[in-house]
Amino acid sequence: MCAVVGIFDSKEAAKVAYYALFAMQHRGQEATGISTSNGSSIKTVKRRGLVTDVFDEEAFKLLQGAMAVGHNRYSTAGSASVLDAQPVTASYQLGEISIVHNGNLVNKNEVRSRLIEEGAIFQSSMDTENIIHLIARSQQERLQDRIVEALEAIKGAYSLLILSRHKMFAIRDRYGVRPLSLGKLPDGGYIVASETCAFDLVGAEFVRDIRPGEMVIFEEGKKAPRSVQLFEPDPRICAFEYIYFARPDSIIEGKNVYQVRQRMGRALAKESASKADLVIPVPDSGVAAALGYAKESGIPFEMAIVRNHYVGRTFIEPTQKMRDLKVKLKLSPMRSVLEGKSVVVIDDSIVRGTTSKQIVRLLKSVGVKEVHLKIAAPPIKHPCRYGIDTPSYEELISANHTEEEVCEYVGADSLSFLSIEALIESIGDKQRYSLVSFDGNYFIQ
Amino acid sequence: MCAVVGIFDSKEAAKVAYYALFAMQHRGQEATGISTSNGSSIKTVKRRGLVTDVFDEEAFKLLQGAMAVGHNRYSTAGSASVLDAQPVTASYQLGEISIVHNGNLVNKNEVRSRLIEEGAIFQSSMDTENIIHLIARSQQERLQDRIVEALEAIKGAYSLLILSRHKMFAIRDRYGVRPLSLGKLPDGGYIVASETCAFDLVGAEFVRDIRPGEMVIFEEGKKAPRSVQLFEPDPRICAFEYIYFARPDSIIEGKNVYQVRQRMGRALAKESASKADLVIPVPDSGVAAALGYAKESGIPFEMAIVRNHYVGRTFIEPTQKMRDLKVKLKLSPMRSVLEGKSVVVIDDSIVRGTTSKQIVRLLKSVGVKEVHLKIAAPPIKHPCRYGIDTPSYEELISANHTEEEVCEYVGADSLSFLSIEALIESIGDKQRYSLVSFDGNYFIQ
Amino acid sequence: MCAVVGIFDSKEAAKVAYYALFAMQHRGQEATGISTSNGSSIKTVKRRGLVTDVFDEEAFKLLQGAMAVGHNRYSTAGSASVLDAQPVTASYQLGEISIVHNGNLVNKNEVRSRLIEEGAIFQSSMDTENIIHLIARSQQERLQDRIVEALEAIKGAYSLLILSRHKMFAIRDRYGVRPLSLGKLPDGGYIVASETCAFDLVGAEFVRDIRPGEMVIFEEGKKAPRSVQLFEPDPRICAFEYIYFARPDSIIEGKNVYQVRQRMGRALAKESASKADLVIPVPDSGVAAALGYAKESGIPFEMAIVRNHYVGRTFIEPTQKMRDLKVKLKLSPMRSVLEGKSVVVIDDSIVRGTTSKQIVRLLKSVGVKEVHLKIAAPPIKHPCRYGIDTPSYEELISANHTEEEVCEYVGADSLSFLSIEALIESIGDKQRYSLVSFDGNYFIQ
Amino acid sequence: MCAVVGIFDSKEAAKVAYYALFAMQHRGQEATGISTSNGSSIKTVKRRGLVTDVFDEEAFKLLQGAMAVGHNRYSTAGSASVLDAQPVTASYQLGEISIVHNGNLVNKNEVRSRLIEEGAIFQSSMDTENIIHLIARSQQERLQDRIVEALEAIKGAYSLLILSRHKMFAIRDRYGVRPLSLGKLPDGGYIVASETCAFDLVGAEFVRDIRPGEMVIFEEGKKAPRSVQLFEPDPRICAFEYIYFARPDSIIEGKNVYQVRQRMGRALAKESASKADLVIPVPDSGVAAALGYAKESGIPFEMAIVRNHYVGRTFIEPTQKMRDLKVKLKLSPMRSVLEGKSVVVIDDSIVRGTTSKQIVRLLKSVGVKEVHLKIAAPPIKHPCRYGIDTPSYEELISANHTEEEVCEYVGADSLSFLSIEALIESIGDKQRYSLVSFDGNYFIQ
């Protein structure tokens, strides 16, 4: 899971990128990086850590120029490689190039094998390297044509920003699986970002979304970007962006995430009403849906689980293990509000089921009479292959168990999921969505 | 502003104190420390920084023993002294002693002057040093009697924990201005803490509040603590603990803070109704009151301002100043929800007015039509002298301006505060409270 | 073991103190601190760590004013307390005071007990606190008289710098056990420091040594310091300063340390000649004496052991223990130079004997035929009680074993020490010295 | 300037590499890295910083396996790229490969251009990437044959270690410009390292030097390495390794560096005697040569400049600039020894002349009457292109000025260099050396 940003024609491109990355850093952060071009060369600073830790005054001395691309990688269990930070910057036939990528290529192993067969070397496991290789090996004269040739060779979900010394390209795959939006900076330059919440912080005005299959070209000396429709659009924006990935104040394809989540909550209330005294969210992920559920059902909404935001990375472990310590460090349910109550608990998803199990146990431990766990999304039965990190089939509890079995495992008194239809309707009925995690319809293969 | 914790007769006293301090660390943290006694000597580790940064494995190697006292100091503009961390540990006639203190002594300058006159030296500006000096200079034979003598000499608000090599004393002033509660640990030991949210994390069971004017004595070898009523109780718990200081899941004097805040919101709705499309809280401080307001008024509640919890300490400043950057790094209002709307905005207090002004401007910038700012507390007209850091009269906007002037300054379309009466009723009618910030009735002088 | 510095009437007093402390930081550093007075208040920054780590730009923002005192504490096995950094700063009857102390009080426990009996509290184990207490409890009106009264109550070795808001006092005990020198800064101000190497770095001109029993008073508004001879001088400068503590370029009582060490080496050659192919020093401590030995004996000098100066604090331990790893990380003998040779090895002292044993073993491992270990000082048979950290009688190998036994323990082919007489003559014949470690003549009791 | 290490068939290969890198870290360190193979995959940890800072317990958890290659890069003015740390690890046709390289390729730009022309991308400016690309593009079936093919395409100085999942290759160019030695570990495995000082620390026994033009192959399951002579040897070991790069206890081509330096000092004394009172070295670089000079000339040797080894990376700058602060932080001349004396000062080289100028000024400032600066090497008139970082012609003072002009610039009373003939004789007469910095004879082009 990643977020990307591109800045064009701004006096302090690197700093604007920095603030944009900061705004988009609302998940556990693993690594971040920024590349800038000053017209004659490209410089890159990237490292593991939070945005505020990676970039210091020294970094900004290096990152000069009016164009920048930046990247946030969010943490995923198991992947700890220091070397897999983006942007990936390389020298090649036409000079220097730097790429950031949000998404996932489904044919990356084939492409990689073929490239390796042809003599290429790979210094990381990132599919971004595939794209650079394809561009470097293209026989086209213009970078733009090389990019097109490279894109024709890859399949998958991608929102790409490509920086050369004089240009910046913003590209979205024909399905538009991962979001990418265009904004205008107060000083006249442009910003392209995965999430519009970045625009708000830097004071940019939303212009429009980059279209599925579109390439937008920002060229030194030209104020307005050019647009080329590379592929016929077949929009299937990832439903997961709405469900849990994006920040609630972001707007994806014209729809505010927070409002979409409220509609999911309302739909959940319609589909699976439970008699209960209270509706409570698992904070922060379930807040919007819980509000929607409460409004639709008329059951009072309470913020009855407190989330501790000061949780650091490293904890001294107690010698005698405290039960459920890890979840209790983050979440604290209020006995005064909950004791003796029947409660509808709203969360955004169940992946492995372990956290839900701990939350149910915590709630019962403060005297909750009945826990009706309601998930504002359908059960995750398939791994996403288009850029959201979901575990394999073996680990996905809903891939291997019925709802009843999951309910029993987590210890809830009842368990409901949103239907796929209601999910679609909540986002907006007109469009198609990437729903692979729910329906296993891998439309890019 | 501080929080204290004491642990008695627990195998890992220092680690239990550490987790308790962690739970109570929900405000900007400045410094923290823990002292332990292993029966033959007292060890102390204290430093500036977050609980998770200050205590490492090396610290816990030093902090051995079954008794511990700990302290969190929250940050206050202007006070940056490294040397003012607690506990304060000293050698004196009876051996070693370590003290943590939450509160403020009103006669500290007189006591300090007198002690200095008598030849004492002060190595910090903390009034905790006063108490140690008084204990050290007492002619009484028993520590307990010395403590009583010291307490007779001081006036003010204090919740104290005093650790000697073999005992721990928990004391609350006769007004009980600052909270202090007693709990029982799963392994049979005891915990005393400023906030009951600490009990939940370490798995302790709430026993009771320490009574105003009470001293509870924990003695090596004796399982049950002894209680001595030192002073006649005249309870006046600080209303500010309910209004904004305590964590919402804490219980103070039997009242859950979150529920009290909801009642304040409800009372606010009754006292100062506004016609509006939405009720929104300033997160996280205004959430509970806003929920109460919404329930009472029937106006829909929306979490329309997103709070970014990843804000680090140090930021690279942009060269061209971004307007309202500081507040925007933390708070982001949602245009989609807010545009064209009349909005009731709920916050817990107005101190200097500058933050409220920035929030109102932010809301207007995303198209809010009308901002009705409602504060779930009375106007702060006087500095608290009993342990809550409030600025001086000059800086308190409500001390120097009418509500109309404040409203104009912050740029809201209307501004309302809760009445003192409604505040009292929201907390609970039977008891008296410390309300000095609102009524200037400095009952301890 | 410590070093102190005082700066008077210099535009950047704190920074000059910082550089002076840096110059004197030639031993394993434990803690450091600086206090400054700006005429109205005293500020202190102190912490564990190297001078360059403790003081940052933020520290210098706090440390304003034209007067400063500073302190380095060197690391000693066992003492790890964060709280024992100097300066010790306190408020007392006459205002504020900050003290740094190099030396050791022999009656500190008695004084401390008496003070505690009278109601004083001690927040550290530093005898510096004794002095502040005595000053604070004095009934004299002037600080100067109070200091004198305090000094009359203490016995021991002390080179003190005392900073008040308007004055600085530099004092040396009547024996002048620890060095203290006066210099003139390029900008007209004054510097007082333990080691003259500090003068060289900051560009100060050596004026003279503070005399045993002298107090030098620096007063705001008066350019020239005043001198008061408090006690009749009975000079007995610590021989250890010459033997191993001071930096070789420092000048103590008019004698350059490096040259004194060379004379010790020469004397050693006269007293205990060995037939050998080479003279080699244990670097860096034995270099000067080895040069003297070589010159006197005519045996060629070789730097045949390389010292690695990049040794960090924390090392990853190998699983299979590498033999003598700790000493090998620091010292590497050259087989090419040493193999098959008889070697005179010069070091400055043997304390516990463990390091010498490892060095002898290392030398043998590269083929040295004979190791004649020669120590450019007499055997240490008694703990120093005047400020040099030496272990207790039990741990001092020469306190419990004959030279033959020590020689056998360390594995050398022969072992020689310098005689006390030769030591005295090497430093300079006219004066008496503190030789307690060698002769057990504790002249201050 | 770099150092490399390879470990084969050792239980804790990564830790042995770590200690070896530590031993070779005797110059300002910029970056370091280690790769290990556990037989099925290669893992790499690399970063800027000191060896002890880069590798922690977490790193060693990743770096499993019995084979390792490691690299130190020393700091060079101007090159600060985070991304240029070695080893370079890549996936390619035959699996995974990791390379460390000490040296410099003279045709790297041509090779790089050709490779880029063929579609390769370069993610750094290191010529190590050239070699990986050449290996990856070779059509040979066996890695060994691919390496040979790659080597045939490159020209320059290289001491290479190449790690595949099952083998390790150690290769030295046919001139043997950069050293590379083979040792046997105590546990039976092998070590290959740039400097033999690494062997001493890890307890390895020196076996022999890798021969110019030789490839040594270490193969899983085979105890003894195989040797292949790839190119006809034409030995021209870099004279600079002896002059200043290597640690004095290292042995290069059978000659101990310290002893070679002493012979240079002796030769200098023969070639350019000066009447003087003392011979002093610029520490630590000039110590060995100064000893040789003193022995040959009979003029007394003194360590009259003290070097401060505690110099940190970042210093707080004084507001009023202290003259020569930078050099004074490191070097302190002793007035007591030097005042009024004529002094022969020995250093290893003059590059830009600025440091020498400061040292001469420092010496004069403590009263040295005459400074006879003698350099134990010929004047550097040409940039080295074979792996020692020397500045360009413009910056090399001796490339643009006569000895008289240089003498006048640095302010010495006389200046002498060693002749090239004496240099050669000092190292050993039988062999040819790389002397490009002195004679401009670029024998690899």
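Think of it as A, B, C and D in the order they're written, each chain with its own count starting at 1.
We adopt the following convention: a residue touches a chain if its C-beta (ideal position, glycine included) is under 8 Å from a C-beta of that chain, and two chains touch if they have at least 3 such contacts.
Chains and their UniProt names: A, B, C, D = Amidophosphoribosyltransferase.
Note that this is a predicted model, so its numbers are computed, not measured.
**Student:** Indicate whether more than half of the residue numbers at the subunit A-subunit D interface occur in both copies; give same if so and different if not.
**Tutor:** same
**Student:** Report, in whole Å, the distance between the mean C-alpha point of subunit A and the mean C-alpha point of subunit C.
**Tutor:** 59
**Student:** Taking the mean of the C-alpha atoms as each chain's centre, how many Å separate subunit B from subunit C?
**Tutor:** 47
**Student:** Would you mind listing the residues of subunit D that make contact with two or more other chains?
**Tutor:** Expected reply: no residues.
**Student:** Name the touching chain pairs, please: which are they?
**Tutor:** Result for touching pairs of chains: A-B, A-D, B-C, C-D.
**Student:** Could you pull out which subunit C residues touch subunit B in their complex?
**Tutor:** By the definition above, subunit C touches subunit B via 44-47, 62, 80, 82-83, 88-93, 112, 116-123, 132-133, 136-137.
**Student:** Which of the residues in subunit D come into contact with subunit C in the complex?
**Tutor:** 11-12, 15-16, 18-19, 22-23, 25-26, 29, 50, 52-53, 55-57, 60, 187, 197, 200-203, 247-249, 251, 256, 258-259, 287-288, 291, 295, 300-304, 306, 308-310, 312-316, 318-320, 322-323, 325, 328-329, 332-334, 336-337
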